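The structure appears right after this line, and notes come after that.
In this document, chain identifiers A, B, C, D, E and F correspond to the written order of the chains, with residue numbering beginning at 1 in each.
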Amino acid sequence: MKAVDIVTICLQGEMLKNLKRTGWALAGVQDSNDETVASHAWGTAHISLLLVECLKNGGKEVDLARVLTMAIVHDLPEALISDIPKTALQLGGESMKRGKQDAERKALDIMMKPLGMTGIRIQSIWEEFNTSDGIEAQIVRASDTFDMLVHALAMERNGVSPKILHPFFVSSQSTIDSVSMPILDDIYKVLLKEHEANAQRMGINLDS
Amino acid sequence: MKAVDIVTICLQGEMLKNLKRTGWALAGVQDSNDETVASHAWGTAHISLLLVECLKNGGKEVDLARVLTMAIVHDLPEALISDIPKTALQLGGESMKRGKQDAERKALDIMMKPLGMTGIRIQSIWEEFNTSDGIEAQIVRASDTFDMLVHALAMERNGVSPKILHPFFVSSQSTIDSVSMPILDDIYKVLLKEHEANAQRMGINLDS
Amino acid sequence: MKAVDIVTICLQGEMLKNLKRTGWALAGVQDSNDETVASHAWGTAHISLLLVECLKNGGKEVDLARVLTMAIVHDLPEALISDIPKTALQLGGESMKRGKQDAERKALDIMMKPLGMTGIRIQSIWEEFNTSDGIEAQIVRASDTFDMLVHALAMERNGVSPKILHPFFVSSQSTIDSVSMPILDDIYKVLLKEHEANAQRMGINLDS
Amino acid sequence: MKAVDIVTICLQGEMLKNLKRTGWALAGVQDSNDETVASHAWGTAHISLLLVECLKNGGKEVDLARVLTMAIVHDLPEALISDIPKTALQLGGESMKRGKQDAERKALDIMMKPLGMTGIRIQSIWEEFNTSDGIEAQIVRASDTFDMLVHALAMERNGVSPKILHPFFVSSQSTIDSVSMPILDDIYKVLLKEHEANAQRMGINLDS
Amino acid sequence: MKAVDIVTICLQGEMLKNLKRTGWALAGVQDSNDETVASHAWGTAHISLLLVECLKNGGKEVDLARVLTMAIVHDLPEALISDIPKTALQLGGESMKRGKQDAERKALDIMMKPLGMTGIRIQSIWEEFNTSDGIEAQIVRASDTFDMLVHALAMERNGVSPKILHPFFVSSQSTIDSVSMPILDDIYKVLLKEHEANAQRMGINLDS
Amino acid sequence: MKAVDIVTICLQGEMLKNLKRTGWALAGVQDSNDETVASHAWGTAHISLLLVECLKNGGKEVDLARVLTMAIVHDLPEALISDIPKTALQLGGESMKRGKQDAERKALDIMMKPLGMTGIRIQSIWEEFNTSDGIEAQIVRASDTFDMLVHALAMERNGVSPKILHPFFVSSQSTIDSVSMPILDDIYKVLLKEHEANAQRMGINLDS
């Protein structure tokens, strides 16, 4: 791994500081522009760190280095292919899912190739994030979701209607439920409670 | 087509006023945020209008209403699935191409269904944009490309390096070459000339 | 019409992608910056298309190409003189109205002159938008208004107070009433209803 | 002058913090959005303060309180009618000039009426800015111009082409020349010199 | 004071047009980006002007030129050291307070040195703003606070929750109370009343 | 560590997604707004990961989990006190340095207290970042610097003058030199080389 290759990959990482998360704009949020993919990746790593601590305090064994690496690299391919939103996956069906995975894999391959063994290690951790049911991947996927909901709450405090943000809370439930860690349920409940309180105060019926 | 359905589709159109074109950010452009999909769709329609006039002056028969409708609706599915960039298509291969088309078709279907016959007409024109070799589709696809290059020149005047914008000029050539209308070549040459002059003045070698 | 003239006019069109609509800022809206004149022109063309379809379904004869051209070019002079808001016209009286028209006409003249016959055609359609009572001009003027109200609703979902947006709904009524097409009244009612519901939920008295 | 009237006028002043200067966007500048009318009014007041000091050091008598008041209120009417750019005045001819003045006067009248005697004093100082050849008005008009050129230089350091900013330097010369204060010429020369150096380094011919 | 020194200080002033006020972001406000330090300095000068008029009408003697100069230069050192927020001062204790003052003094010293006697005069007025109990300094400090609260109200109209803005209203009371001018209390009450009404309409309990 | 405490700390982390890095604005960069503290923290973690890999490949022992945790939390106190720039530290002298440290320590203390043992662990790692000469702290401090320079290069590609960014390259050298790891020198040289090439192409003399 030569210095010039490290700089190249870092300059590609700059795209993530610049790329906005698309889901918010599609939901009709106007000031979403503040959340870049890089900001979200930091948020995910930050929450992951706290979750690992929680589990360790509870006596579980978790590989923290693996978790944080995963959080930091989990959106790296977006530097080449952008943030393709959930709606595109839902509407595009199986080919879209495969197509997106192929594109992400190839993008990461292009970025990682010059890094030799390091590149291979990062690719393998990225695969783990996407496919594994190990505790590390579960933690990062949950953090990925929680960071989204925390940002949604931050936007509600800035006036964004809980109505247009509600689908994010609804679709998150299955991600959280798929992992059997009580702390995740507790966090989800705290987030949902503030969201529902915001809606109620404004006379918004979230179920209609 | 009821009033409430028209309002619904217009509120979906609002997403396009809010959604940034992703290609610029992936190229490393920082102030790309100013170009929304809706702005680009207007630019495409505007250029299409001028091209039709050119061809009509030259004695060709073109259906202007069809061309403008096509330009206006050509990015409509992005209101549900966002602007998936070229790089994603190149890296994602065949499944990605099919997946994107499936997603766009389904998105448009969802949006257009409540509009009845009108919806069907719009869907058919959108299909024409994507697949036809008729003169109307060729004009709109060329305008789609030209609007991108015109925006690139506008960004070069604001300091964005011709180096990072060069790939847009290179990849455009095949779109323009695929249509045999001399006016298109002439316009491409004018755009390319300013781009190359910008590079030269700054001591940038575009070919390295 | 030479290639270089087409590129020149397109680069002038780029200003519209960059120019924010001023009315929102004057009303006290902070995140209005997202709506550019070009985005609004697209929105107007999009709504015009739907209205023409409605009327055609109802058996009316409308020249769609004319309507769409009108929507696309209706704000073109703003590339040279900017978006002078309604309040300036109301406060500036007759001289302001004439002055603005003179400025717009001259701006369009400068932009269109190099386009020869095409320029003359576009100027004539722009005049029609501003002065005609023909069905095409009426449709585009109504769409111009509706696109503004749709954007207002999109901003209300992002927290902007219905109170400061109310004047836009009030002043729109006369534009809509001046045209006797039932579909326009229906659309206005749908828009107004959501606006009033937003106000009511927040305990805002729109009439005080 | 009651507290509630002061708050009302201050809330109107908030519009100026939000309103972008239109001239830059019309010139094709993309990141102009950072300069609000309020920011510019501060810059004008700041430069005015320095110019008064210069003249006082040179033995001239100038009413500093009058100069600063003038700089602070000189764009106040834009809170109701926005920043109508020079191009609009040039293209709109005599009616536009009168219309703009009428609109500004009426806007200020509406804003100032509740302030009683204070309002009348502010209106009179605003008139002085627009019409007087007294030294105070000359200083503020020169500062208004200099603040624009200083911002242009700041934008050139951010990559904006000296070519598209050149018209601002050209049109400023007459404002500066109309006042016979040597310090103004000296400042103009310093600004112009950096502008020309920026152009030359980039191989830009400003005269073509 | 040479022309080149005036230009240098003005280019430093450009930083204030670019620098956002940090307090809002720390409070969780997302669209705070619109308020630059320069915009706030203008707002402070504008309110100061009105307060001086009030007091003069009430028969008090105030040096208007001194007040306006103070308002215009009060944030000048931020061009070199940025807007260090109140929270940093509260958490950093005595060393932070001294450190900030030292940094500001030195920054102003660097900026003002080339201006000779003028620089010394500006430094002395800046000191007065920070330390004096004279009526001029009291007016500008009150205006500094009021401009912040007026901006808070403007943001509440854009949807920002009164809850996250409440601390600004609470912490302002002591600044206002420390000056015994009835007009200040009256203005504070008007601002607070709208703030509380905004909270109440949204079902927000400000005291919890 | 209860769920509600985790959510609280995550909502505080949201401030970092919103807070812009101040150094760029003070240097006169206008589009700096795109880089938030959170984005920078991600960049730092990303570079740290690559550096650890480099060193491990070279046979060194480094605690990756510790490095990544340090990178993720190194700017956490800025959520309460903002990004106080280097210039403020240089100008504010010893009291400023101590004041800033006191403020950061207390801010972190407030944020971490509810997290119990986890909070204490994070505080200890944060202290290590600020004071230790261990290899982990050295890596993160170097990455903190490199991420800044990488962003500077990304901005140069968008037109920002190498002249105004040069001080960042100059001041970085000592940070890099203070660590004796050859890979750091190599990376610095690659970054500096592109920076100098950018300057040379534009005819800018970096040393004047």
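Criterion: a contact is a pair of C-beta atoms (placed from the backbone, for glycine too) under 8 Å apart; a residue touches a chain by one contact, two chains touch by 3 or more.
The structure presented is a predicted model; accordingly, all values stated were derived computationally and were not measured.
*Asks:* Identify the chains in contact with subunit A as well as subunit F, in label order.
*Replies:* A chain counts here if it touches both subunit A and subunit F, which gives B, E.
*Asks:* Touching subunit B and subunit F alike: which chains?
*Replies:* Looking at subunit F and subunit B together, the chains touching each of them are A, D.
*Asks:* In angstrom, rounded to a whole number, how far apart do the mean CA points of subunit A and subunit D lie?
*Replies:* For subunit A versus subunit D, the centre distance works out to 47 Å.
*Asks:* Could you give the separation in Å between the centres of subunit A and subunit E, each centre being the mean of its C-alpha atoms?
*Replies:* 39
*Asks:* I'd like to verify one number: the distance from the centre of subunit C to the centre of subunit D, where each centre is the average of its C-alpha atoms, in whole angstrom.
*Replies:* 30
*Asks:* Which subunit D residues sit where two or more other chains touch them?
*Replies:* Expected reply: 11, 14, 18, 28-31, 34, 154, 158-160, 202.
*Asks:* If we use the touch criterion from the header, which chain pairs count as touching?
*Replies:* A-B, A-C, A-E, A-F, B-C, B-D, B-F, C-D, C-E, D-E, D-F, E-F
*Asks:* Show me the residue ranges of subunit C that touch subunit A in the complex, using the header's touch definition.
*Replies:* Residues in contact with subunit A: 31, 34, 154-155, 157-160, 200-202.
*Asks:* Okay, in this complex, where on subunit C does subunit B touch?
*Replies:* Touching subunit B: residues 1-4, 6-7, 9-11, 13-14, 16-18, 34-36, 38-43, 45-47, 49-51, 53-54, 57, 64-65, 68-69, 72-73, 115, 117-118, 121-122, 146-147, 150-151, 153-154, 183, 186-187, 189-191, 194 of subunit C.
*Asks:* Applying the document's contact rule, which stretches of subunit F touch subunit D when the two form their complex?
*Replies:* Within the complex, subunit F touches subunit D at residues 28-31, 158-161, 163-164, 202-204.
*Asks:* What part of subunit C is in contact with subunit D in the complex they form?
*Replies:* 11, 14-15, 18-20, 22, 25-26, 28-30, 32-33, 79-85, 87-89, 91-100, 102-104, 106-107, 110
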